[in-house]
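Going in written order, the chains are labelled A, B, C and D, and every chain counts its residues from 1.
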Amino acid sequence: MTVLSRRELITATLLQRESIGEQYHVLTFDVPKGIAAEPGQFTMLRGAEWGEAPLLPRPMSYLTAGTTPSVLIKVAGEGTIRMARSTPGEPFTLLGPLGNTWRPPAQGRRPVLVAGGVGIAPLLFFARRLHETGIRPLAIYGGRTTRDLPLDDELSEIADVTLATEDGSRGHHGRVTDVLAKMLSEDALVYTCGPDRMMAKIAELCAERDVPCEVSLETPMACGYGVCLGCPVPTTDAGYIYACTQGPCIDARRVAWGKGEHAPHKRPEPKRIAP
Amino acid sequence: MTDQAVSVGSLTLKNPILTASGCFGYGLEYDDFYDVATLGGICTKGLSLHPRLGNAPERICETPAGMLNAIGLANVGVEVFCAEKLPKLRARGVTVIANIFASSVEDFVAIAERLDAESGVAAIELNVSCPNVKEGGIEFGKDPLMSARVTEAVRKATRIPLWVKMSPEAGDIAAVAKACEAAGADAVTAINTIRGLSIDSELRRARLANSTGGLSGPALRPIALRIVWELAGKVSIPIIGIGGIFTARDAIEFLLAGATAVQVGTANFSDPAAAKKIADGVREYCETRGLAAKDLIGIARP
Amino acid sequence: MTDQAVSVGSLTLKNPILTASGCFGYGLEYDDFYDVATLGGICTKGLSLHPRLGNAPERICETPAGMLNAIGLANVGVEVFCAEKLPKLRARGVTVIANIFASSVEDFVAIAERLDAESGVAAIELNVSCPNVKEGGIEFGKDPLMSARVTEAVRKATRIPLWVKMSPEAGDIAAVAKACEAAGADAVTAINTIRGLSIDSELRRARLANSTGGLSGPALRPIALRIVWELAGKVSIPIIGIGGIFTARDAIEFLLAGATAVQVGTANFSDPAAAKKIADGVREYCETRGLAAKDLIGIARP
Amino acid sequence: MTVLSRRELITATLLQRESIGEQYHVLTFDVPKGIAAEPGQFTMLRGAEWGEAPLLPRPMSYLTAGTTPSVLIKVAGEGTIRMARSTPGEPFTLLGPLGNTWRPPAQGRRPVLVAGGVGIAPLLFFARRLHETGIRPLAIYGGRTTRDLPLDDELSEIADVTLATEDGSRGHHGRVTDVLAKMLSEDALVYTCGPDRMMAKIAELCAERDVPCEVSLETPMACGYGVCLGCPVPTTDAGYIYACTQGPCIDARRVAWGKGEHAPHKRPEPKRIAP
């Protein structure tokens, strides 16, 4: 874990919005003095002119840092819809850098990055950092269909990537977990970010083969810096860790997968209704 | 330079802006942002006699111009607070209001006695209005007699000034406030959250694990302001206004309505320095008009 | 084609979407926009025994994701309503719910008797929860006994189905609802507005001439939804949900929480056709899932 | 009073925003099928993407009608600030045409239009209509300073205009009421729109000389079409008229000036505070 730099709320204008289909958009901001964010960290992002609704800032992983920090957003609801519609020059507030960083790669272990959809953001940032230090990681990147693989080219440049789509429209026909199951070796060090079910399965695979696995947690957040206590994630010691300050990056073995309901899509299926 | 000091009973605050319980941690999370000692004061996360883990996730969700929370009073407990948090706050010269919660009169007394043994607690705020716990909480706060009993018992147990936090769900809030005044409260804080619910129409279930949660944020402001306005006509002890304060203008509205000071809660989430900015804004408002902060109190009233 | 009909006691509604009292005039102002008869029903502006001019301006102001109103029940009176409005509504085949208000049990009875003499009134909605009048109104609605007295008296005076509109300011809303159920109410409507206040920090005075006004709009929604959710577990008569419903998704959340039908109020102001669009949206939601509207009622409940 | 055309809620995109200083902006919308609005009528205007706050649409007088209807907005608060920041292509909802129209000019009477600041909008629209019918009205147009006289050139083209500014920076040094007092003749027919105090004074002047006077009322509105009862204006018969349906244009003699507080700026001064 690197020493974290001072957290700050800055107002920055949008430099550009790069749309990758309708669902995915890269927002790049103008921050002359720079943001010293590390891979794995996130920012609480909000339109400075949103008024009183939507009220809360949205947690977004840094895709890049420095004087032109960027995030990759996937449209989910009101907040990301507004981000997807934003135009250059529009002011945003960015609170950050928040949370901890990916653990540094261990000697003698090959980093394997497993990304699901928008989960690519903190992992691509990490891969670039590894690239700078001369490490070329393995990567498995999957989504429902081709459209759900934004920034795959960027990843391929600096990692040995296997793509996977559930509909087979691109790369391996199936899930990233199938791919990982086949190629996971004892000397791997897995980093993963994506839907909870995916991360849970990957955590399981790694546990079976006793391979260290680091996950990036996703849970609703109000403050992002440790004061609202709104982001607990159940842990195996029957307690909670708070994703914004003790996470988002954490050893997969500490997470009580399935317990609690810390990600909307993680929740059990709705009860059947008599037609 | 205008005088921003206001008095809440025997206690004088540097300025009328405090931070709200549960929205500011223990006041030790702000070193990166600003010097918390410049505020009128801070209210700690609700302290219980023993540590509490809090509710299962999800604990929060957003609503129109507001949010719901069902944290379930996760906190380190009064002992750890006194041992680890309070000394740091004291060292920084922060005006500390200890917000406390219990599900029995006895426990309220026990927590107050523990705090009474410490120096550096400017006031105790009784949370008899937490909507997110099974026992105690709101049930105390909706009933004048119960609120008075808690207040009276704690009053006997400590010489520290006592604030009682009102539940907006009481059928007759003025009666509760008057009962607390009679029982020895030095001030009333108005208001705590109102219980709300949000449902996910796709998953067809409540969004929060606890189903209901307390509504906070701007959506709550007009209701909170009305309650402060009403109480100002009914009790003679100071009223601490709270509910959806996001800007200096919002804070000023509460002072004009009759609040002696205000607390900033949810606003801290979108901007950690919100309370400081609000305090600066109120000072400016006073400077441009040649007023002291206390001159604002209640002047919008007929 | 999915079945959108729902039953409120003996009354069957075409679909679960109605319009809220005071937010839809007398239902005769919509010829330019759509056929009001396609709705589940409309609630008239609150009718009193005699015409009322209403409060002095300003009567309304905006708040975060909501608005305050202190109209003061300006209305043409039950007589003019029966003579001039009702015949037109009848002719158009509109399902009419007459919302009535009085400051005494006797007057409530008198209005109900007058309506009972007419055909074409599908139900009477007792407004015992108006926050904007000096007498009657909310004072009735906060007290189970008073609410029950009004309900019982009106029940005796007419065979028309009776709905009683709940005040969110009652300390124990479930008790009020149960008392009304016991007194013969066919349904409860939840909720009326909660009193709020807005202050102009430049003029240093309340924005509304009446100072306080009722809060409506999305800001109120989570509170209304929570109250519907609570009542659904406490009474066995149907609940009509209301509060900040602006989209079909909002309406569905109320049905999932346990409401049998919903009313659309403030949303009509920004879009006169809001209720129709919401009704269409609920139908779509049902069609894509192969459900009837009544299948949705309460299924989000544990 | 002309027969009013069908009211409708339409979603239209902004064609252009013409800013006249920081305070005043002309918003022009794209409405292929056209809006048959008459001078004096108004629309309830709201950004289609504002979300849940600000909640209510804002009443705005039509400056022009047809396939490119426009409004002139003056920045007052949150809603008009957003309008002032809006960009072409942005969608708005327009409910209208609402309210009644200016009464048609009477035989043998010279129309005199008295505008205060943004009150110019419904009067310029009216002047253009008069121009089409070959009538050239007198006009008095005033504001605090030069900056408060938007669209004065447009008005001058089709009316004999006397300008007035309170700071004397342009035209007559003083108020429009002073100018009117001097030039008001028996055969005039006065139409006025502006701050309430101004309209009240003009109504008084006209009453004294028994000159008919038509004013356009300004009051907060929630619905704009007669159902919320939020827009009452006290009348001399001790009752109210509702500005949205019985107004905004009304015979000045019916208004109980000073009674009630139907315009924010009309309210008594705030109480003095002990310093």
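Here is the rule we use: contacts are C-beta pairs under 8 Å (C-beta built on N, C-alpha and C of every residue); 3 or more make two chains touch, one makes a residue touch a chain.
If you're wondering where the values come from, they're calculated on a predicted model, not measured in any experiment.
The chains in contact with chain B and with chain C alike are A, D.
Here the spacing of chain A and chain B, counted between their Cα centres, is 35 Å. In terms of their C-alpha centroids, the spacing between chain A and chain D amounts to 53 Å. Centre-to-centre separation between chain B and chain D, using Cα means, comes to 46 Å. For chain C, residues that reach two or more other chains under the stated contact definition are 64-66, 204-205, 217-218, 299.
Within chain D, the positions touching two or more other chains are listed as 52-54, 271, 273. A complete topology is adopted by the chain contact network, contact being made between every pair of chains. Chain contact summary for the complex, chain A toward chain B: residues 6-9, 44, 46, 52-57, 93, 95, 219-234, 239-240, 260-262, 264, 267, 270-271, 273. Residues 63-66, 68, 142, 169-172, 194-199, 201, 204-206, 211-212, 215, 217-223, 225-226, 229, 244, 249, 252-253, 256-257, 285, 299-300, 302 of chain C touch chain B in their complex. Taken together, the chain A residues at the contact with chain D in this complex read 49, 51-54, 78, 82, 85, 87. Listed in rising order, the residues of chain C touching chain D in the complex are 22-25, 29, 32-33, 45, 53-54, 56-62, 64-67, 69, 71, 74, 200, 202-205, 209, 217-218, 246, 266, 268-273. Taken together, the chain D residues at the contact with chain B in this complex read 52-53, 271, 273-275.
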